[in-house]
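As written, the chains take the letters A, B, C and D, and residue 1 is the first residue of each chain.
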Amino acid sequence: MMKPKELIARRIALELKNGELVNLGIGIPTLVANYIPNGVQVFFQSENGIIGMGPLPKAGMENPDLTNASGLYVTSLPGAAIFDSAISFGIIRGGHLDVTVLGGLQVDEHGLLANWMIPGKKVPGMGGAMDLVTGAKKVMVAMTHTAKGRSKIVKKCNLPLTSIRSVDLIVTDLAVIKPTKEGLILKEIAPGISVEYVIQQTDAHLIIPEKVPEMSLN
Amino acid sequence: MMKPKELIARRIALELKNGELVNLGIGIPTLVANYIPNGVQVFFQSENGIIGMGPLPKAGMENPDLTNASGLYVTSLPGAAIFDSAISFGIIRGGHLDVTVLGGLQVDEHGLLANWMIPGKKVPGMGGAMDLVTGAKKVMVAMTHTAKGRSKIVKKCNLPLTSIRSVDLIVTDLAVIKPTKEGLILKEIAPGISVEYVIQQTDAHLIIPEKVPEMSLN
Amino acid sequence: MKIIQAIEVVDLIGDGSTIMIGGFLGCGSPDGIIDELISNRKKAFTIITNDTAFPDKGVGKLIVARGAKKVIASHIGTNPETQRQMIEKEIEVELVPQGTLVEKIRAGGIGLGGILTPTGVGTTVENAKQKITVDGKDYLLELPLRADFALIKAKRADYYGNLQFALTARNFNPIMALAADKVIVEVEEIVPVGSISPDDVHLSGVFVDYVIVGGRK
Amino acid sequence: MKIIQAIEVVDLIGDGSTIMIGGFLGCGSPDGIIDELISNRKKAFTIITNDTAFPDKGVGKLIVARGAKKVIASHIGTNPETQRQMIEKEIEVELVPQGTLVEKIRAGGIGLGGILTPTGVGTTVENAKQKITVDGKDYLLELPLRADFALIKAKRADYYGNLQFALTARNFNPIMALAADKVIVEVEEIVPVGSISPDDVHLSGVFVDYVIVGGRK
């Protein structure tokens, strides 16, 4: 059976379209790069200032001047471009970024995301997340459906929000859920998972269409 | 006898100090570059995006991609740097420019400059003048003392102001005048010109120190 | 990024569009594109540009050809025809300080709602603008500018649209490319992907929609 | 521009100064300068930086060495020591969204009184900030940031201080260099004036006060 993180990353990857500019957050989102479908070419932006980021370098070919937003050594592909942080966030906030994939702590019935702090426990800071959610054309959340047995898809976020802009798609190890004005629609279920199980594992109200297909995971 | 414009340009040039970054406006200010004193090295910024602008090119060595803010072909000196218009005005408005020398239509008793339009007659636009007067560390006005027999140094500008920031020095073909909180101080007179003549040619009230030396014009 | 012929801009850019045009007194302006607009009698544009150059150069020619309905610029003094059309109320002219103009365009391109500048405070530029005091100093709130099209000039592009500009022909070009729905770039050559070092790219191809190869004028 | 030795920063930069430090998780940070500050036990700094890197890297080491009184950053999650000092109230931490942080610094450097950003509206970032509505959309008025010193890293300088950065080591460096009273740059080499083409200068030497030649870490 596929690992939950791989399943999420594979399903997200299917959403990416040829030519899109994509920013992947830390954690599960980073894995998405491994599953881009054949025939689809996307460009990866990293908010530390590059478009055209390539895979990790071979051992011995690392360069301290070329890292990604996690601080890891990366490579640059032909046609890559470097820019300073002001332009990098100009791209993000200005609507020039097609897709961002981010991790999440909670998403609520309005599609609002909380992903940058747990008051009193962990305060890493928002980094680029607030700009990404505010500015990207499409925001996808890649996260496990539950954490420590508790649903991460909630009626209303009790953690501090990342933005008041609703996300466009939530992909978990159990389901694909689309926030709409009417509420959260259950679009797909993971292989081997029942609609009832998803409902049971979800705090938020889910709108259930007549047919809920199984995730495709090419 | 020295031409009025040359006299003004020569006197202004003496104000420039080694290492300063200088922006010269169109007209008389442009001439200042010809009279930089020996041993003084200044850097010329042009608001169309260069520091390190050199003299006009020799015939046949012009390049359409290298012009100054008047649209004339120029050259670049070793160590020149190119930047876009946003950085160019960042330099100007951000206080990184040491000196600007601008032409003037009127300067008044508060040291306020009007130099960008004559309503109903001529509306060229302010170009970079408003940013230059607002942002440069030192603003010098280079202009003839009178135009068509009328004083350009007035009690109060009746032409639209360029900025509410007072200029630092006025150099005309008759005098060097320093705006202060107390008013306009007559600092120097041109060779062969009397204090009385300057007063007579000036609409604004001038504060006359006990001694008013003749301009030095090395 | 799509490579097109200069003539194709005639269908792309409708009469009455708002267009930004790069260049500073004609240096670094997309002359091939401008010429196509003129020979096909395109008109009624709102033109956002630093200046209207000279009657026989750059955007100045488009003014002479009666292509403008409105001009937003910092300086029109080098083109008597702009002055004449303005005085005779054939066109509307909005004058904006140059440093303010470029920041308004930048703001429009990078998702800012405006910027506060000290430039213009206490002058006719104030007009009806909101004044905001920060740390005891007055600033004007200047709002973003965007256009339907940005027509810009670069020295070269690669096949991803990554751009390099040449010397003072850079000026407003990379900033305007941030701020339009469609960005059309005139270049002198297209070079292979990977032949421009990432550090030497002046503007990423992500901002570029169309590239036209034109000759050097 | 003046060339100095790394040790000289110890006298230049007084305890308690506000300092901007370039770099992104340690990539492109002025490590030689940071090391001098640490070995000479400089302290009580207000540090403006994108992140506090890792405990053994870049600005992170200065945090571990108790050099900070306050940190203004977008992210501190990679340095547990910053978290600890914050929770135990040894230092104050102000978190700013990354895109807002860089625009605040830029505004401080280029004479803007502030910028309007949609980022943070409706979140805890709003705090007591002025909210301004433009065209029906809400923005936060974010005010400029400046520092006494900017400590930045570039690949090379010429003897006028013109800078080139390398790859993603560019990040905040050129923006911070706009916004400090004194700008100190650590480079790997100084090259002759004229050996960097004007188009290839990433930041003009006009912004640079001191250059230090340090080794590659």
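The definition used in the following text is that a contact is a pair of C-beta atoms (placed from the backbone, for glycine too) under 8 Å apart; a residue touches a chain by one contact, two chains touch by 3 or more.
Worth saying up front: this structure is predicted, and the values here are computed from it rather than measured.
Of all the chains, the one whose CA centre sits at the greatest distance from that of chain D is B.
Computed centre separation for the pair chain B/chain C is 29 angstrom, with centres defined by C-alpha atoms.
Centre-to-centre separation between chain B and chain D, using Cα means, comes to 35 Å.
Taking each chain's centre as the average of its CA atoms, chain A and chain B sit 56 Å apart.
Counting partner chains per residue, chain B shows two or more touched chains at residues 50, 76, 82-83, 89-90, 93, 134-135. The set of chain D residues touching two or more other chains comprises 103, 106, 111-112, 117-118, 165-167, 170, 198-199. All chain pairs that count as touching, in label order, are A-C, A-D, B-C, B-D, C-D. Of all residues in chain C, only 24-28, 50-51, 53-54, 73-78, 83, 86, 93, 95, 97-100, 102-103, 106, 117-125, 155, 165-175, 216-217 touch chain B in the complex they form. On the side of chain C, the complex with chain D involves touching residues 103, 107, 111-118, 130, 132, 134-135, 137, 139, 141, 143-144, 164-167, 170, 198-200, 202.
Those residues of chain D that touch chain B in the complex are listed here as 106, 109-112, 158-160, 162, 178, 193-194, 198-199, 201, 203-207. Those residues of chain B that touch chain C in the shared complex are 46-50, 63-71, 76, 82-86, 88-90, 92-93, 122-131, 134-135, 160-164.
Contact residues on chain B toward chain D in their complex (touch as defined above): 21, 43, 45, 50-52, 76, 78-83, 87, 89-91, 93-96, 134-135.
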